[in-house]
Each structure stands twice: as structure tokens, then as C-alpha cells.
């Protein structure tokens, strides 16, 4: 712990995810005082057709 | 919020998921008084071989 | 399976959750063809100060 | 309930998952006194490039 | 990774959870070949009134 | 979407969580190109006695 699950639409590159994971890790280490080695960031990709807001399917932009 | 994660066996169509998402959204808006715009329904499909009940693999019917 | 995790702000009554759970179960049974006995609905309550949208804390209304 | 979500790197066989699910079910039934029929174990596979520790991508070994 | 989230009714003791966590860790290390140091087991307790099966509230036994 | 679930030991203040949520939102907006209004960050606090690593209970520092 901390564990950070990031759910987003599929299509982001490894570089994008790496940049996000680094900054999430920096932020939590700085503000929550957690050692970086304890911070895990896990990405789950979702295809279009899996997210519905206000009852409507949300398109991937 | 509210966020609703629906985990089910793969194989349902977009139409089936849309119908379920609409009714979940209606129900939560009606009974919990949450604005529809705040209600997110997210589907995750699971293939056979990922669910075990009583220690036994559960088949997809 | 299906498992349905409903995350919402704390403060809803057992009656509200029961009504929502019944309708979610009906909807999934009808549209996904899953037996009602296999449908699990799990509620997690979140206090104010746990949800942030656009980087701002979201108040409980 | 109990629901057990197991997140691990992809690549494990059905036999490996079945052996793990059986032992998790035995353990929870024995120590938590839950009936086996109520114990659900759900596996989610993650490809390489989805887990970051200390801000670095974790390789699948 | 592996991360194991165990959701169960509240009321189990630290000893019960420790025994379960040890056996889950042993099992995954043995069958999935994951190093024990990488295995995280996280318990979430649920009060009565949060789980509904077949649309009915499930009592804590 | 994106939804970001942050699981950490209890005890962090609203200020700490707000700072983390802002930076996570900034990072995902910048690197993933998601509109800030679509980014939800949800914190779940865990008491000591809920996290086990290598089969041992992990203390809250």
C-alpha cells in the first residue's frame, strides 16, 4: 500500500502510462509520506462499449 | 459517484449492456436521489476459467 | 457472477439499497439471462472527502 | 461473500488457477467459517506494461 | 503483483485474517511461482446490509 | 473515465488527499489527454490489520 488502480479507455501508449505512473508515485510519496517502493500503480484498459454515463454509452475520444 | 462496476461473463451484446446500464441508472436516480449525470456504469467481461465457486471452475452458460 | 459493486456516498438507508439491489437483479436477470441466484450486489459507502472530480473535492448532496 | 479478486500477471494456466482457487476456498472456509458455496474467487490477468512500482514498469518474470 | 482483495463480512479477528493471508500467500507462491515478497493480500470488511443476493439482503451468519 | 481508486492506510488528512487528487488529475489530463471533468479520484482508507505482504501483517507507519 498505497495501491492505485487507474481505469481508462484503451489506446494509451506505454510511454503515456509510464509518465502518469511516475507522477502519481511522486505525488503520493510527497504528500502522503509513503515510501516509493510501497506505491503500486495498476492500469486497466477499457474498450468502447463498457462505460455508460447517464444511461448512455460513452464514446472513446 | 455513484460508480457501478458490473462484472459478468463475456458474450453479452452492446444492446444487452445498454439496457442494463439504463435500468441501473434509472433505479439509482429514483431510489438514491443521485443525478443521472453522476451515475457511471462500467462493465468488465470475464472469460471462462476466471471464476471459481466452492473451489470449482464455474462454466459460462 | 454477475457481481455488481455499487460505490456511492454514505447516508442511504437499507430500504433504498434494497430497492436498488432488487431492480439491478431484475434487470441483469432479464437482459443478460443470468439466474437471479448468481447475481450479487455489493454496496460500498464513501464519506465526504473521498471523491475528487476535476481535482476538486466533491461534496455530498 | 466472501469474494476474492486475484490480480496477477497473465500467463498462468487453468490448472494453476484451479489449484490456487481450491486452496483459497479451503483456507477461508476453515479460518473464517464461511460455507464453501459462498466463496467466489475471481482471477484478472494483467499484461506487462500495466503495473508500475516505485514509478517503474514492472516486468513479467 | 499478485494483489489479492478479500471482501468478507465484518467480525473476523486479526488471527483469522493472518491465517488466511499466510495460506493465500503460500498457495500463490507455490502454484503461480510468484515471489512471496510480491504477494499482497488486502481485506475489506462489509457490514450487514451491504450484500444482496437474488435481490434479497444477505444476513451475516 | 478515467477512474482512479487510491487505496492507502488511514490517517491522511483532507489536505493531503486534495493535493494528491489535484496532481493525479493534472498528470492524467496532460499525458492521457482526458478532460479534467472526466477524471474521478476515489480514496479508500484501510486500517492496520487489513494488509498482508509476504504473509505478514503490514504495520501502518
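Note that the chains are named A, B, C, D, E and F in the order they appear, and that numbering of residues resets to 1 at the start of each chain.
One rule holds for everything that comes next: contacts are C-beta pairs under 8 Å (C-beta built on N, C-alpha and C of every residue); 3 or more make two chains touch, one makes a residue touch a chain.
Please read these numbers as outputs of a predicted model, since none were measured by experiment.
*Asks:* Among the other chains, which touch chain A and chain C together?
*Replies:* B, D, E, F
*Asks:* Moving only from a chain to one it touches, give the least number of moves from chain D to chain F.
*Replies:* The fewest steps needed to get from chain D to chain F is 2.
*Asks:* Can you check how far apart chain A and chain F are, centre to centre, with Cα atoms defining each centre and the answer in Å?
*Replies:* Chain centroid spacing, chain A to chain F, equals 10 Å.
*Asks:* With chain centres taken as the means of their Cα atoms, state the distance from chain C to chain F in Å.
*Replies:* That gives a centre separation of 21 Å.
*Asks:* At least two other chains touched by the same residue of chain E: list those residues.
*Replies:* Residues 1, 3, 7, 26, 40, 42, 46, 51.
*Asks:* Which chains touch which?
*Replies:* Between chains, contact exists in these pairs: A-B, A-D, A-E, A-F, B-C, B-D, B-F, C-D, C-E, C-F, D-E, E-F.
*Asks:* Going by the contact rule at the top, pick out the chain C residues touching chain B in the complex.
*Replies:* Residues in contact with chain B: 1-9, 12, 16, 19-20, 23-24, 26-28, 31-32, 34, 46, 51, 58.
*Asks:* Mind pulling up the chain E residues that touch chain F in the complex?
*Replies:* The touching residues are 14, 17-18, 21-22, 25-26, 36-37, 39-45.
*Asks:* Can you name the residues of chain E that touch chain C in the complex?
*Replies:* Residue list for chain E touching chain C: 7, 46, 49-55, 57.
*Asks:* So in the complex, which bits of chain D are touching chain C?
*Replies:* Against chain C, chain D makes touches at 1, 3, 40, 42.
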